[in-house]
Amino acid sequence: MDKGSFDDAGQKNTEVIPLPSHALLVDLDGYEGPLDVLLVLARDQKVDLLKISILQLAEQYLAFIEQAHALRLEVAADYLVMAAWLAYLKSRLLLPVEDDDGPSGEELADRLAFLLKKLEAMREAAEKLMNGTVVGRDRLQRGRPEAIRITRHSKYECSLRDLLQAYAEQKERKGIINPLRLMRDTVFTVEAALDRLEKMLGTLPEWTDLMAYLPENLSDPFSRRSAQASTLLASLQMAKEGQLELRQGATFGPIQVKKRNNGNES
Amino acid sequence: MSLDPEHVRMAEALLFASKEPLDEAALAERLPEGADIPAILATIEEHYRHKGVNLTRLAGKWTFLTAPDLSWLLEEERETTRRLSRAALETLAIIAYHQPVTRAEIEEIRGVGLSRGTMDVLFDAGWIRPRGRRRTPGRPVTYGVTEDFLIHFGLDDIKDLPGFDEMKAAGLLNTEPTGIFRDLARANEEEDSLEDPEEEEL
Amino acid sequence: MSLDPEHVRMAEALLFASKEPLDEAALAERLPEGADIPAILATIEEHYRHKGVNLTRLAGKWTFLTAPDLSWLLEEERETTRRLSRAALETLAIIAYHQPVTRAEIEEIRGVGLSRGTMDVLFDAGWIRPRGRRRTPGRPVTYGVTEDFLIHFGLDDIKDLPGFDEMKAAGLLNTEPTGIFRDLARANEEEDSLEDPEEEEL
């Protein structure tokens, strides 16, 4: 996983301090794979990566792996594969070429140097990107955009059959279920809760406990429960309409509401 | 005193990027010391006066807003096709068959309270309208259907709404008769003379 | 041809009102027919060039942004930028400069396997997208950056990436495998595909 985290602007990224090789061992986990180690080692040579001594680099890397072993650090497989490959490259570079199959040691060394150059280029590019102009950080967009107001004309689909069927079914259902009689005086209706929430919402800009929106003069427990239920329903309705946001930290925890900034409604 | 054009630029950027309108104190705090805020604002205000956006003062704070004569540019009309909810459908049917009918009567018939959205949807669709007030205590508003309703459902007159037997004969309904439609048809005929004597216009 | 100043006002209003960049087609759609959009944009661009806000072209679209030299002033309005891990940032750069690029090619350049989270973070930010499939055995998915990426990093086009032309000229942006560490790459791929069986899906 990625251990070396950037600061937000990514400045940290480039400060690849040319560490003496023993220091590398302290934090093997901080490296992004064997190429990363090679790149850091290569920068020690302080020349253009294309002119680097790959032989020297290979020796440094092998020493690095050896030391890791000596310190009984766990070395991931890909680091070892790289060590094996570099050992092979080293032998190809040192021994006279006897056969002509495959690329020569020099060719392989050039390719490795090029690969390092590529990685370095990408690393620098990443840094330049983060240090460049970032919209939202260095150049800002309009803070209060005026959204295009969409007037929706809803066209409702409904056939006469739908209408009549609904009526008939409703009548039938009602025949079974006793009409619900609401105790009008004590019930705090959803409409009333909606009105109240809408009026009060603008005055409380931050997250506020939903229960703060209940009417104050509720004496009996029934009215209070009715008001709680209606206010919750009203808040759900308004959240659905995008007028407010709801949150609840934990099960049975307090429900909080906040007016929604419908700034960039599209 | 001459204005530093850099101050004007800064104020412009701040007013543009700020999420809220800014008052003079907020600007003064962000601009270099000694910046003549009122003069800066006056300059910007004048500069943008004839542009597509204007610097506008709202509740003592300043913000850029689209020029009022161009606000139509930011309006878009869209048509969406929607289905009516079951509650809306039932409510519409009740209004059609029982009109003029009050909200309380609709609730009574349906046996549940009417949520505000239900009536809104029907108004939005252009299918119902307030018709007058019932001459009873509280003088509640009565509702009826509109001409658009008749047009949409292909009816010449509200009396053309089919009764139960006709619907059943036409295979429109598979519910068993409960008698209500017969009563209803009769009730409609008796009460629903178009200009209801009980009504007064809104 | 002389420009209608009203057209300029309208474009100004639209560009100011929208937070998202608008393309010329979107402007043309809202302006009266025959409005010379490129000329209007050129006029506005020039007019605002030295102001606190400038008209800027990002990802081929137009938007007003605060002037780059005023960045210091806008501390408070700044949005919190996403913290990217080093792996994610490098991967993003590789995708941006090499697109379309396959996962294996990214791994080859970095010399290390890509953990699943890295790509996820970039997808999550809305900065990368699958672009298609490479016509090579296995038909691997290729990735590229999104319009949001260009907008976020203030670029009009991928060619505006810092050092793009030089790198391209130096051959640093070729994705052909170098042919070395084939074992290494294979080791990584195998490892990766184990934890990541559905990677091939688009």
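Think of it as A, B and C in the order they're written, each chain with its own count starting at 1.
The rule is simple: contacts are C-beta pairs under 8 Å (C-beta built on N, C-alpha and C of every residue); 3 or more make two chains touch, one makes a residue touch a chain.
Quick caveat, the model's predicted, so the values are computed rather than measured.
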Chain nearest the overall Cα centroid: A
Chain separated most widely from chain A, comparing mean CA positions: B
Whole-Å gap separating chain B and chain C, where each centre is the average of the chain's CA atoms: 41
Chain centre separation (chain A, chain C; CA means) in Å: 17
For chain C, residues contacting two or more additional chains: 16-17, 64, 66-67, 74, 77
Residues of chain A engaged with two or more neighbouring chains: 140-143, 146-148, 263
Touching residues on chain C, where the partner in the complex is chain A: 16-20, 56, 58, 63-68, 71, 74, 77-90, 92-94, 96-97, 109-113, 115, 117-118, 151-154, 161-163, 167, 172, 178-181, 183-184, 187-188
Complex contact set, residues of chain C against chain B: 8-14, 16-17, 30, 50-53, 64, 66-67, 70, 73-74, 76-77
Residue numbers on chain A that touch chain C, as the complex places them: 1-2, 4-10, 13, 32-36, 38, 77-78, 81-82, 85, 103, 108, 111-112, 114-115, 117-119, 121-126, 128-130, 132-143, 145-148, 263-264
Partner chain B, residues of chain A touching it in the complex: 140-144, 146-172, 174-175, 177-180, 182, 189-191, 194, 237, 263
